[in-house]
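Look at the two complexes coming up: subunit A is in both, with subunit B in one and subunit C in the other.
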Partner chain A sequence: MSENTATASPTGRAAGTGIAPRRASALLGSAAGRNTGLVLALVLLCLAGVVTAGDRFADVSNVLTILRLASVIGVVSVGMTFVVTGGGIDLSVGAIVALSSVWATTLATQAMARDTHWLVMVFAALAVGAGCGLVNGTLVAYGRVVAFIATLAMLAAARGLAEIISNRKTQIVDVPGFTAFWDTSPLGVPMLVLVFAVVALAGWVVLNRTTFGRRTYAVGSNPEAARLAGIDVRRHTVLLYTLLGICCGIAAVMIIARTTTGSATHGGLYELDAIAAVVIGGTLLSGGRGTIAGTVFGVLIFTTLSNVFTLNNLSISAQAVAKGAIIVLAVLLQQRLARRSGG
Partner chain B sequence: MNPDDMNPDAVPLLSVHDVVKRFPGVVALGGVNFDVRAGEVHCLLGQNGAGKSTLIKVLAGAHRPDEGELRWQGETVAFNDPQAAISTGIGAIHQELDLVAGLSVAANVFLGHELSTAGFTRRTLARERTRELLDLLGHPDISPDREVGRLSAANQQVVSMARALSRDSRLLIMDEPSAVLDQDEVRTLFRVIRQLTTRGVAVVYISHRLEEIREIGDRVTVLKDGRTVATGLPVADVRTADLIELMTGRTIEYAFGPRTPPAPDAPAVLTVRGLAGAGRFSGVDLTVHAGEVVGLAGLVGSGRSEVLETVYGARKASAGTVEVDGRRLRRGSVGAAVRAGIGLCPEERKSQGLLLDQAVYRNITVSSLSAFARLGFLDEGAERARATELVEALDVRPTGVGRAVRTLSGGNQQKVVLARWLLRDCRVLLLDEPTRGVDVGARSEIYQLVRQLADRGVAVVVVSSDVEEVLGLADRVLVLREGRVVHEGPARELDEHRVLDLVMEGTAA
Partner chain C sequence: MARTAVRRLVTVLAAGALLTGCTSNTPEAPPAQETAGGGGANAEPGEKVVIGFSAPAADHGWMAAISAAAKAEADKYSDVELKAVEGTNDVNLQISQVETLINEKVDAIVLLPFDGAALTPVALKAMEAGITVINIDREFDSPFASRVTVRGDNYGMGISAGTYVCEELKGKADAVVAEIAGIDSLPLTQDRSQGFADALGQCGLKVNNRVAAEFTVESGERAAANLLQAAPRIDAIWNHDDDQGIGVNAAIKNSGRSEFFMVGGAGSANVMREIKAGDGLLKATVVYPSTQGADGIALARLLVQGKGLSDIVEVEVPRSIQLSAPVVTQDNVDKYLEAAFES
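Up next is the complex of A and B:
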């Protein structure tokens, strides 16, 4: 995978004016080109994996494990990219994932799912996520509460509510259709990874090809100018947080599928992982600049790092230290490269 | 106080000799001479762009003059930074007060030169000293422990003065201090100024309000085109007409071609009735016909920008209606105004008008995105193509629509904002200071463009501090003073003198 992106870069640049079939490689190339530091970091990590763990790392099933682990946090990070690009921040994503997972797996929801269709659980998770996002967005946009505070309050409240509903117990899923569906691997790709790919692709299209995406950049870049240009900044802000809420709902479904449980402890520290992935992906915390490709690379770097450390029997604490170092290094490197390319 | 009481032969506290300050492409100060005596109130007068702000910055050490010299009590001084000016004894009170809202009065007064022993601040001493300074300024009512953010604008002004005095300032520069004050507060301010001058402190006072200058000033210096055209005139003897004469007739070139006024039967496009904005302006009636350019003249703080922003829905009107083509707009909704065909080029181009880090074409299409979208998906090729057409039509340089708008010059940035509304074929164009920070060449291009738009039937409203610009561009002019329209009439019946007279004194002489 790393080889692909590396070789795609020069051809991608040459294909700037290219014809339709070459568009995909151009796209991949420009994404890699703009994220040189991240690609480099990922390549180095993979090399480290191959050197230290050999075949255990460079194994199809291990790569799929990495991707499966990356999927849940990846979906949240894609949503986070929108909010941060639009000039906001959301600390409550982990708590929303927990609440959604609990709500979707209560005895009542599961009973209804068994009677009708397992999609009921999915709808429940998405609705809870969207609802929490809507509350966040409304508080920020219309209540003029600072995003940091509004979502901090949601962080506390949503996880508390999840504990109340679940009575602090892990809720085991017993809906045969649900489990069966998520266990499939179309074309050998696990369903979780497929969902992440679809979400990332959809996120890329929305951010780069739609009016919604363009307005997101405008609102994050200069909210006052965006307002005076006729954009309804407050409504757009609500939509951004709601979109992230829905992403959290999707992530909740994925985590239920992976663990076959719903629990108030799901999604712990997701806010930090998501924000870290978004930031090392080159998205400005002050808004106005952000890329989905960068975020995806960011997520992959963190997950690969954990995998390499785990394969080498290193502790979680050592992983955390390395994570911190990587955040700083990646951001420093990004800044250097951005300055050199004059943008 | 009275200049006759002072010995004119004594060495002046501060004298300014042939000071020149150049910026790339502009000579901001082209030879300024004046002196300030201890204990006097010296007023600086000049139109917008005459060089007042640059001069203040030179005196306060924020700019270094390219030529000429400053003498402090007869000795040549050079300020490398504001700190040097402060330690010499010059304190500046800027228009935007530089106080820290969250700190107490005492902490603000001693900010940057805290009273301390071995690194520990001496809060009780600071409080006492602040108390003394506030008493001296006639404000024992302000508590040194009060949070500055909770004080009124006038009291904040007093704190700012206490701060300047706490550093033993011998000369205070006040830049339009009365702009944010009401009448009672202005009276208090004057009392404080008189107390200061009796103690030998000199005050350089900048204001546009002639009646204030008459009341508080001792001598007046007039700036025009970056030069002193008269200096040290005794305020008591000089006639208003003479002052206005000195300020007018600037040499900046204005290329206004002949203009055919719109047909008298042209339909009204924009109709504003009884518009009011809480505390800022009231009772504004304004009708703009198709093809007409209407100018709004007035000082900063007269409510002219607020009127435009309220018409546009960016501020909520407290009363009144806005109609475009006979259809009433929803109050306080920019979206409704834009959909009805109004466009605004805001006063602060960088902070209100542009997405600085975004590409030129994105800045142009930001208000017309739905025109380039099908089911929400943007046709970026079409966007670039239309933006390129406009960039070529307006002669924006450099021509690449993909570069960040930040990299363009002021004039080209303004053209980008104009292009945004050209793209929408708007019916009403509101221009707030359209040529601020724009070089001479681009300025006349913008004038031509505004004329062309009017000829195509667009209703245009122009706000500008530049009186000649308003008179040259507009068919009809409204003069605002303190939130009210004090004059309305055809531009050709007005001249610069008359407008300045109306703007500054409000008399219908």
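Up next is the complex of A and C:
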């Protein structure tokens, strides 16, 4: 990954990474170094899994289970990477997932889906997600509400609305085409995992290989400089939140497929899981630096951790302690490796 | 003597409550029936009774059914006026709601506290003000805080589920039993698990794999997906809660496993319909009556009007009523289906 090259944006922030020679190698080194820490953590976890649970861990179906579990939160985290890189934060992702899942599975939507096509449900979820993201973005960019507060408000409102619409009941999906589609596994890869892979890949390309991505880095590291460089910062911010909203919509569709339900309780604490994955992945919480690959590793580390713990019949509480320790260790390790390879 | 009476009362009441209770969620609800305790002369309209009702937010099927059943019960009596306040999970808000009810000088308060200990002082205040307090489900700290306690039997649920599993697995000494618990930090979850372990111990079995979810569909799916990887062969699963059971079912379906049978918990209508159909892995569920609030209303009316329970010999309504936790199987499901709650 060469995320760092992208910081060589109009902001001049890249100066911090390499003033002197060694530029190219240092850049490459630090980028690889950042991910080495994560890869190492993941490998260690897998080793622990193989040692303690042997065949049950290394089994193909177990690996697919881990990937399936990582898919939903993974899609949200990829979107979150954009917003955080752009200098923002979104606390409402879990609530948006809940609202989208409820909206897409009301009796009316399901009836319409049965009459026409199951894609109606997908469209509903994406539209609701995009709408919520648009509101978040507009409040932050044009309303000048601090992102933390604007999205906190959305967190409360979206989950409340989800409860009102669903009447706090679990809405069971009965649209044959929808369930059938998500049950397929093209080339042996479950559809959910495939969607996650596509979203992650698309996210990587957009963040690293497009103008949109470069602008995201610029806006995140120094919005004023970005504005002077001719970037419409406010419009870009709205787009970032909307993008995350769409990711939440996709995640909602995935959770509907996984559980065959829509519910106001879906997506509980996704905001924390997503932010944790993004941050241990190496994205700066203050913006300006972000890595999709790191985020994907972050998600995989957490999911593998809970899988290894369950295989060994350990309690949820022990798992929470380990999760906390891993967040700290991964960040410390990353800093060390990045500093060493960065000179 | 008194003990036999209480035991008989419990059985009668539990059965009666299950038969009548919450039907408001099903549109084709039959006309109201008479409660077991409220039959005969007790059903005759007496002096007007104003009953306040407060419960936690109806954020899941069971809790929604509690409030709905309580309202339906109040509607049955021409001499009862119900003042139901909006459900809340905020202890402070619930305390102030009860204070309002005290100020309004209601005759009785039926209270399902979000946290029994936290609501004890305000319940004491109500009792001191001469209001009859009926404590539902989650117990107060002080015996002076309520006139009657109506509660379910969490430990008994575990016993019922464990005994059923023992019967079904008779003679299989090496059987693998798995447990999917609810929120692990709650005393009710610990009671259920303890009962389950104790009952299994009676027939030489134990819980081989245990995971905990959070009573939500999504968490049930996640926990079950990992559990199925952890245990390559399972003979029986007890899932504490039918709401999270929807997710558990989805995970089982994804895994394609079918070598075990499953027992549910709480007793949702969905699950009972599945048991009735008899074509799935779900063979039984253990009831945690969602009609406790309704029992509370009926008892509050009797207490204020100075009546006793006509089916037992005691002059006064008993201090404490613990409901039983029956096992519902295909053989007896018709008896319980009507009182089951929609998730």
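Convention: the second predicted complex is superposed on the first by the 308 of 343 C-alpha atoms of A that agree within 3 Å, B and C clash if a C-alpha of one lies under 4 Å from a C-alpha of the other, contacts with A are read in each partner's own complex, and residues count from 1 in each chain.
By our rule, a residue touches a chain if its C-beta (ideal position, glycine included) is under 8 Å from a C-beta of that chain, and two chains touch if they have at least 3 such contacts.
Predicted model only: the values in this text are computed from it and were never measured.
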In the superposed model on subunit A, is it clash or fit for subunit B and subunit C?
fit
Would you check which partner chain A:Ser221 touches, where first means subunit B only, second means subunit C only, and both and neither mean what they say?
first
Larger contact residue set on subunit A - subunit B or subunit C
C
May I ask you to decide whether A:Thr116 touches subunit B, subunit C, both, or neither, giving the answer as first, second, both or neither?
neither
Going by the contact rule set out at the top, does A:Leu311 touch subunit B (first), subunit C (second), both, or neither?
second
Just subunit B (first), just subunit C (second), both, or neither: which does A:Gly268 touch?
second
Enter the shortest inter-chain Cα distance between subunit B and subunit C once the structures share a common frame, rounded to whole Å.
31
Which subunit A residues lie in the overlap of the subunit B contact set and the subunit C contact set?
none
Which residues of subunit C touch subunit A once you look at their complex with the stated criterion?
58-61, 64, 184-185, 208-212, 214, 216-223, 225-230, 232, 243, 246-247, 250, 254-255, 270, 342-343
Along subunit A, where are the residues that touch subunit B in the complex?
209-212, 214-215, 217-218, 221-222, 224-232, 288-289, 343
Residues of subunit A touching subunit C in their complex?
53, 56, 59, 61-62, 65, 68-69, 163, 167-170, 172, 255, 258-261, 263-268, 306-307, 310-313, 315-317
Can you list the subunit B residues touching subunit A in their complex?
312, 314, 334-335, 337-339, 344, 346, 351-358, 362, 366-367, 369-370, 373, 376-378, 380, 404, 420
